[in-house]
Every structure is written in C-alpha cells, then in structure tokens.
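Listed after this line are the structures, all set down as structure tokens.
There are two complexes below, and they share chain A, which is joined by chain B in the first and by chain C in the second.
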Partner chain A sequence: MADWTLFEVFVRSKHGLNHKHVGSVHAADAEMAIENARDLYTRRSEGVSIWVVPSTAITATASDEKEALFDAADDKVYRHASFYELPDEVGHM
Partner chain B sequence: MQRYDDLTELLLQLGDSAMVQAQRLCELVGGAPALEEEVALMNVGLDLVGQARNWLEYAAERINDGRTADDLVFHRDQSDYRNLLMVEQPNGDFGVTMAKQFLFDSWHYAMLQSLSDSSDERIAAVAAKSLKEVTYHLRRSSEWIKRLGDGTDESHTRMQAAIDKVWHYTFEFAMPAEYLAQLEADRVVPDASSLHQRWIGTVTSVLSEATLVQPEPAARNYLSGKDGLHSESLGYILAEMQFLPRAYPDANW
Partner chain C sequence: MYAQMVETGSKGVRDLESMSEQERAFQQRIDADIKIEPKNWMPEAYRKTLIRQISQHAHSEIVGMLPEGNWVTRAPSLKRKLQLMAKIQDEAGHGLYLYSAMETLGADRDEEVQKMHEGKAKYSSIFNYPTLNWADMGTIGWLVDGAAIVNQVPLQRTSYGPYARAMIRVCKEESFHQRQGYEILLHMMREGNEAQKAMVQDSINRFWWPVLMMFGPSDANSPNSAQSMAWKIKRHSNDELRQRFIDQTIPQLQILGCTVPDPDLRYNEETGHWEFGEIDWSEFYEVLKGNGPCNKERVAQRKKAIDEGAWVREAAVAYANKKQQRKAA
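Moving on, here comes the complex of A and B:
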C-alpha cells in the first residue's frame, strides 16, 4: 500500500453550502478514495456530498511566508468594513 | 434436524448468513491491508450484524420457544445454522476475501430487492433498510473485483484464482424452486424464481468488466447450508464466536 495516493477529503454537510476539509485518506484511485472517505467521515450523517482531491494537486502557502502574506494589512484598519453603519434592513452580514 | 415453516427458515437463512459473514469480517480487525480498508470492512460487518439482529428477532418470535435472537446466535450448533456455504469459507488472501464478499453481496442484493416488495410488511421494512446498506456493499466489492481483475498481471491471476476457488459454493444461489415456491405464490418473496437470473446478471457484468473468466455454472453437491449440512469451516467459526457466552452464560457488560 506504500504506493497509494494521499487524497484530501472535503464534505458538504446537509445544511452547508460549501464543502469543508475534514481530513485525508490513502487510496489506490479516486473511486476508492470516495469510498474510503465515505466510510471514515460520513457514517454518522455528517454529509451529503464528498470531494476528494489528490494532496499533490494542492498548492499551499509556506509557513515562513506568513508575515509577508497575512500580517501586512493589520495596521490598515480602514480596510475592514467595521466603520460603516449598516442599515437595519440589511440584516445579518 | 429441526425444520421450521418456510418463512422462518428463510429468516434464519438471511440472519445466519449476515451473522457468519460479519464474523468472518471481524477476523480482519488488525489484519486488513490498509487502515482505510479495515474501517470499511468493519463498517460492512457492523451493517450485517444489525441486519442479522432484525431477521433473527423476527425468527425468534415465530419460533416462540422463549429463545431470543442472541440465544439463536450463541446457543445453536452448526447443524442448526442455515447460512449460505459461501460466507463460512475461510478468508484466504484479500482476493478470496473480496471474491466471497462480492458473490455474497450480489446474491444478497438480488434477494433484498425482492423482499423489499414482500407482502409481509415487517420483511419489506427490514429489507428496504438493509438494501440501502447492501447497495453500498455491492458497489464496494464490485470495485475491488474490477480493480484487482483489471490491475497488474499478478492481481489478475490471483483474483481469477480466488473466483475459481469459491465459485462452486454458488450452486446454492440457485435455490431449488420448491423451497421458495409457496413463499413466492404468497408474495412473501416476490420474484423468487428470477433471483438466480438477476444474481448472475450482476456477476457477468462485473466479471467481464474485470476481464475475468466466468466459471461454468456450479454443480450441486451434498452440502447445503439451508439444510444445516455445512463445510467444516463453520464449526471453527462458531467455536470462537460462541465460546464466551457458552462458558460464562451470565456474562454481561
């Protein structure tokens, strides 16, 4: 099983709109990955739809890029929408 | 051998087959080829234990001699078991394990399909619930047959050997008409006479996609699960499964 592929698993819950990452499984092919994901992550009514993606297909940010990518905006508070007064009619946003 | 009415015999065959198949799967705890596969196999086993409970509770009510479903499972000897010969066979390598699972699943699926239209409401309800689970079991085992049959040279050779090894126990899947004729007439088991045809249809399509050779129809022999005439393998399974409740009848948890 050493040559099995690692797949990332995304599950959409019954009332959820988007698929959320729940974990990963090893499998020989995508079809098996779906079945393994079903058996590992959705036996207790957790979801109604599953996506599996080979882990190698995901490009991720590197942890040492954290400051450059994510901290830069912290001193520019005006970028956040917290200064606007929302009319009541807009409701939850 | 005690023989009950046809309906009770059918319930015992369904319940015992599910129970023995589940017990065989349990042997793979800690021994499956991959963690993911082990979880999947145990899920199938758990589904089958639940189904066995439903069938055997009904059987126990009909037998009505004070025994519960648990008593039927843990305190009957092998000649009183009615399971299919297929499910009691040793697991062998993973190819044999999957060959047995697939051949059983495809029979099970065809059987439950009929039973979900049963005139007996309780049978129809249990069958409809079980059919959802078994549809998945069949999908999973079919995928494995195709993956291994149409895989590498070695996996192909071993998958073919596995099918050939257990194939002769499929003679039971073509159940003699006399056993089910009355139940079919009463619509308790609708389509019983087409059961074999529907089963072989699934098998032919999966084996051909798996590039495997389908053996000739299996010849009947002197063994018969539904008559309590089992291969020696069943005794070993029951010895392991029944030891604790027989040695410690008051054991509880």
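Moving on, here comes the complex of A and C:
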C-alpha cells in the first residue's frame, strides 16, 4: 500500500451540483483510483461523476493564516443582501 | 465498543491553568465544540490516542467481516446471500473510511495493520466469538451492529474532524445492517419450525453477554475515560452507552418472543431503565489478552489474506507502469 499514490476523491451527487470532497483512496494509478472510489463511495447511487486528484497536487491554506485570509470579509456586512433595508411595500426583492 | 480500553497515556485530566499556551488554546477550541483538523496543532498524546482509537475501530470493521464471511456460501437463499455480501462489503468500506481518517494523523496504514497482526493493536472483543448457526447472521446485525450504532452516533460529534465525518458516513449505512439482521431473526421466529426458532434463542444466548462487553469495562474500571471525554473523542461513558443499548433492545427482544440469559434482568418502573446482572469481566479480559475462542483464527486469516493478496497489489503496480510506458512511447 505504501508505494501506491493517495488520491482525494470528489463526487458529483446529481447533475447540476458541484463535485464535493468525500474522502480518499490509495491506488496504483488514477484510473484504478476511480474504480476504487466507485466501490468505496458510490455503493448506493451517491454519485453520477467522480474526480480523483493526487493528494500531493493540492495546495491548501495553512491554519495559522486563517485570520489574515478570512477575517477581512467579516466587517463587510454590506456585501450581503440582508444589509439593505427596504420598506415592506416593495415586497420580495 | 469497536474501540475498547483505548490507552491515553494520561495520569489525570489537567486544568487549563497548568497547560502550555498552545495546549490551552487547543483545549478551549475543543470546549467550544470547534473541530480539530489535520493541520491544526494538537498535543502528541491526543494524536497518539486518536491513532490507537481509530485504528482499533478500523481493524474491528475489517476483522468483523470474517465471522459473517463464514456464512456467505451457506446462506439459506440467494436473497439472503446478496444481502449478506452487501453488508460485508459495507464493513470493508467502513474500515477504509477509518484507515483514511487515521492516515490524516500521520499514521501509516501498513504499519498499523502490522501491529494488529503482531497482537500489539486490538480490535473489538466481539469478533473473537464463532458464528455457529445461520441465526448468528441475524444476531450480529441486530445486536452487534445495534451496539455499534449506540456507540457511533455520538462519535459523529467527536472532536477530530476526519473521524467525525467518517462516522457520519458509517452511521448512514449501519441502520441497513441492523434492520436486515433483525428481519432474519423475526422471519425465523414467525415463519420457522421449532428447530429454527431454537437456533435464534441459542444464538441470542451465546451473543448476549459478549455484546454487552463491547461497551468496555464499567466506568469504575475505565481509567482512560476522563481524558478521552475531556478531549471529546469519547462523548458518553461506557456504562451510560451500555444502559442506553439495553433499554432500546429489550422491547425488540420481546417482539421477537425471545429471552436473554440473565435471571437478574428486570424493569425498574421508577427509573424507567432495565436493570441487569453482573457481567463476567474475567471473560472480557481473557478475550482481550488473546484467549477468546477465535482470536488466533481471526489474526491468522487476516495475515493469510494480506499475504495471498500480495500478487494482486504487485500486478496493479505492474499494470500501472505498463500503461504509463505505453503512453510515453
């Protein structure tokens, strides 16, 4: 197992929805990773499409960067629709 | 349960004041129910305890396929055979979800499996009992998976993110296991002849006490529980989960029209709980030590599966290499 590549698995549950990360599998190559992922993550018709990506190909944010990266959005409430108050007679907008 | 007596290496839970700054931030994060993710800092003892617990849980799923595999070729109908194979395939899947969660902690799967083969890592005591008649397939689904569900439902909220997410997936699939098991028994009790009904009762008699032992020693003899609870990798005590299981199981037992081999079992009107007799803990510790009825057979079968499957893994690598070379050419 140690000489097999670790792949991250993404499954699209229904047409029109995004692929979503569901877990990982080991395999000798990408095609076999798809076959393993099919057996492991879609035994009950959970998916219509599978992506596999070698885990080493993923670049992620570091946990200690969380504030620097994401806090900047916290004080920008005006980016949300609910920030804007409209009179009731306007109805749904 | 699927993980019993997981060693935490702790000599008592420390208060926030006596922790290092890093450790305090970690504990406060857990106290606030924020999940710990693979890249977050964590105390070494937390990491090691989780590796022990998740690997034990994964080994249990994998070894748990063996007692059921014993009946695939002897299932009484094609329908039952297909159901049993689907359940066993799920157990393999559960083992793999858990090994993946364990790997996010930096543990190596081959090494952890090797530890089980050497007797250094445990799997649940329940899988060291033999499956002697067809009703055992029903009893395992109903009682063993039933006990597993009681343990795993709270683990969906466990503090380590990848473990909690694996549990959510596992729990979704477990209810099929329990229902198919109970249906096997109900069918034997309602449609079966006297010999078949006797099989059901015999099966429950053999499995009842070992199933209660799955929850681990009583709280008084569970030295690691306090630390595991503080870390929220365990969310309820062994005795609490055992009681919950008994309370939900006895009414199902009555619908079957069967009994459990416990003369002390009685309903307490005041507390609303079923009271039960003393568990023979000497049997539990013997099984954990490797002296259960099937310990040697189970480990030998696992080793054989790994050894005899080596050529398949080698062939997969050879095939991948060949395809790559063809592409390059």
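Going forward, the second predicted complex is superposed on the first by the 81 of 93 C-alpha atoms of A that agree within 3 Å, B and C clash if a C-alpha of one lies under 4 Å from a C-alpha of the other, contacts with A are read in each partner's own complex, and residues count from 1 in each chain.
Everything that follows uses one rule, which is that a contact is a pair of C-beta atoms (placed from the backbone, for glycine too) under 8 Å apart; a residue touches a chain by one contact, two chains touch by 3 or more.
Not measured: the values here are computed from a predicted model.
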Touching partner for A:60 - first (chain B), second (chain C), both, neither: second
Partner chain(s) touched by A:3 [first = chain B, second = chain C, both, neither]: second
Residue contacts with chain A in the superposition, chain B compared against chain C: C
Which superposed partner A:40 touches (first chain B, second chain C, both, neither): both
Contacts of A:29 with chain B and chain C, given as first, second, both or neither: both
Contact residues common to both interfaces of chain A (with chain B and with chain C): 1, 4, 25-29, 31-32, 39-40, 43
Residues of chain A that touch chain B when the two form their complex: 1, 4, 25-29, 31-32, 35-36, 38-40, 43
Interface residues, chain C side, partner chain A - complex: 37, 39-41, 86, 89-90, 93, 96-97, 100, 103, 108-110, 165-166, 169, 173, 313, 316-317, 319-320, 323-324
Interface residues, chain A side, partner chain C - complex: 1-4, 6, 23-29, 31-32, 39-40, 43-44, 60, 62-63
Chain A-facing residues of chain B, complex: 33-37, 39-40, 43, 136, 139-140, 143, 147
